[in-house]
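Next, two complexes with chain A in common: one pairs it with chain B, the other with chain C.
Presenting the complex of A and B:
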């Protein structure tokens, strides 16, 4: 079905073939929201939502001009996630996940 | 000529010298050679051998001057009152000039003989030794000696008659009866009182102040007190002030003309005391009426009169504050209609401009009055019509900005809009509930951005910059993030379409529709979305686009998930089943609903809801909007229900071939404002609690009132919390065991670590 609609559109653009369909979709202006793909919305270290910059960054960002997303999220092998800034301070003291006490190793970084 | 000291016969030399002295002091013609010879004589006397004769010369000269002045006095006092001043003046003019010359003639005596004995400056300043003070018979330079003799022999005996004549003369001048000739005389005589003691290092003006200034001020005081009471009896306040102002300026000129410059402030003060301060309470009462009726002319007379008095302006300022407040409340009290927001802001600005101008013109932009204006405006803007009702300024102002920034057909130019927005900041500064404004503004901005309703991105940005200037970075942080999302999305769209073109080259199919997307950052946008019950079944026609974009997006970023905000998405459908093709813009849900009719002619509501994956309730909203615009028909007529059958209206026609169906959720309800207020309330509580914890953490121990004061101080920038709210927050924190009441006092708290 989808394909036939597409075909129609292409032919419809040619404009000399009469379309059989009732409707032709011309344009779609979509709105989507992105968020970090995390299990828990809050960073367990600074207690701020991971979508927002961590506490430190918020305090410093007063100098920063636009709300750039510099404060990214990091996932450990244990699949727990934190602000990267918070975690890099944390591992200096204790190289374990604050939530599950597993040895901390980075699985992936948000970008 | 020899400079060598030699024996000199004093009497012989003095006899000759005396002739010349007389000539000099009476300004007679003294030939240069004579002058030179006498100059040498003074020298030889001073250095005479075997004994210097300077002291004798000094004594003889003094004696001579004494006699000379006494003679002059006789001459002057003979004249009688009528021309006493005149005679004194001409005697003084001659004498003062002569003594100057004489001083030159005795230069050697002055410099070599007398300077040595004079007390040094330091001694005068730090208190001369008792001996020097007691023995004031020390020798003076000849010029000074002459003046001193004048003072003792001439001024002292004449002063009473001189001063009373002077006062009479000045009085005449005040009444406008002075002749020009006397002006010079009066001025000269007064100056002589100053000149005669000018050489002194300390208390130069003593004589002048004592014999002339004091009686003069007293006399002036009497004159003006009389003048004031006469004016009061025969005139109203306007005329009175006019006259007083005129008197002041006249008196100032008179000071310049006659008196020593040090007297001017004293005279001014004297006038003020008699003509303004003495009638202050009356002027204040009159001022109330002037402000009430905004009599600019009167007020501009009144202001300079009252300003110098310590408490002169305070009642005026109070009255003006009350008046502006009253006028402001009247201006915004009766607003009604669709554009209340415009009326509100613009009448507020009118009031502000009007009184700002008035203060600038009438009160010379006095800072005290400007702050009165601020106080009044802030009272008006934050006025609560009823005690429980929140002030609406924040909401109205946000709406006003929205109406300016939105695309509109109302032919306003960009410059116009800019100017109005810039002016609206004036009102913004008075709004206490800046956080409420921010909430409303953010919501409206989000709508403008997503629905592409912004008139100009430059204007939007300029406005945010203004808000940032007024309130700081934190206040506009989220607004900035919304903006960033917009530009990031524009980038993404370009990249996406070039990516598509590349893949098309590799045999991949095109999407076949114009696809654009805004990717918004969660948390930055104030989008109150209803929770979607169950997954919405995206129409097949869209699936390919969604998938292609998601693949593209995940390749660009990692660790992110996308949520499609269908209520905010819009599609453009071409309707092929009617006589003419129409292009209609609809929301995704409505589009999906319409697309269902691709396969069937009629559809029961229940089935439609199932195929779309939305609840019956939600479906009905969308159906209603489509029926309202006559694209769909229902049967049977009446209330929609699960069993109602829907069908396309095949006879649809519209003058316009391109139109938009209002989305069900886009309509703004009154509950919208209410939710905003509620969420602001919630944010405020968190803000206050955080503030209390911060304060308590640094202070450890604090009394209730101090704590409340500090909280008020911290929150001032964004909103003005009520005391009740702060109390509630304190109690909440006690419950949560962040702080506790101390054991010894009921109104003291301590921080629990």
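Presenting the complex of A and C:
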């Protein structure tokens, strides 16, 4: 946010700043994308916030025998979100969202 | 459309460290239980008591139910609850240790309660969103709200109720007096 203000103040200062403006704008863009994920939902399976690593990954923090896989968030078509790790264990039992019982299909994954 | 199931198939082929995985799951269960046991005790219905034989084993305890209304009033019913290693992907195992005459509990102690069913398509079965306090609430309600004569485990009990409620009441009392006195 501070960067965008700077951007306004420095606008029109000549060619030198133009490059800087370009950079600042990029940064602002990044901030906007980040706000997508700010929903501080708790994963209803492991009860840890989805933006943090799941309970399982936290317990395994020092051993990564699954490879260096990030603990990502998965959103269903029903808009409910869980840790991918948690949900992947559950769909083996029952391919439904445990919160709304709809057939589970992934809308998007990310962090 | 990507389905998680399809992706999982691939993932499974890659990872095959089964035994280590089992060890991990134990600690996940115990981590969940630390919070759930506390919550369960804080929200315990007045008709229920929880008894831990070993306070270090949060996954194994006895639920004692003393109904204050309904057919089983006057009895004291013990349920052994065992939380398996794959909790909370799988429901706890519940066994009634007190002999009783009940349409949803047979004389071997098997309990028929939808939320304890591992796979169900109706949304009433087990889900990892459920907690121990829900299990306690469910078992406790078998003596009142969830008492169900339509899909009985003890068919004889359900049939007796349908044809002769007084005999049913009498038989329940008989069992209570014989097996479930405090």
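Quick note on the criterion: the second predicted complex is superposed on the first by the 64 of 111 C-alpha atoms of A that agree within 3 Å, B and C clash if a C-alpha of one lies under 4 Å from a C-alpha of the other, contacts with A are read in each partner's own complex, and residues count from 1 in each chain.
Assume a contact is a pair of C-beta atoms (placed from the backbone, for glycine too) under 8 Å apart; a residue touches a chain by one contact, two chains touch by 3 or more.
Computed from a predicted model, the values in this text were never measured in an experiment.
Trainee: Determine, for the superposed model, which of the two partners chain B and chain C contacts more residues of chain A.
Mentor: When the residues of chain A touched by each partner are counted, B comes out ahead.
Trainee: For A:110, select first, second, both or neither according to whether it touches chain B, chain C, the two together, or no partner.
Mentor: A:110 contacts chain B only, not chain C.
Trainee: Going by the contact definition given at the top, which residues of chain A touch chain B in one complex and chain C in the other?
Mentor: Of chain A, residues 66 contact chain B in one complex and chain C in the other.
Trainee: Flag every residue of chain A that touches chain C in the complex, lowest number first.
Mentor: Residues 44-47, 55-56, 59-60, 65-66, 74, 86-96, 98-99, 101, 104-106.
Trainee: Quick one: which bits of chain A touch chain B in the complex? Just the residue numbers, please.
Mentor: For chain A paired with chain B, touching residues are 1-2, 5-6, 9-10, 12, 19, 21-37, 49, 51-52, 61-62, 66-69, 72-73, 75, 108-111.
Trainee: Taking the touch rule as given, give the residues of chain C at its contact with chain A in the complex, in rising order.
Mentor: Touch residues, chain C against chain A: 1-5, 7-8, 11, 15, 17, 20, 24, 27-28, 31-32, 35, 88-90, 118-120, 123, 125, 127-129.
Trainee: Name, in rising order, each residue of chain B that touches chain A in their complex.
Mentor: Residues 450, 452, 473-474, 477-478, 480-481, 483-484, 509-510, 512-525, 527, 540-546, 549, 553, 557-565, 568-577, 583, 588, 591, 594-595, 597-598, 648 of chain B touch chain A in their complex.
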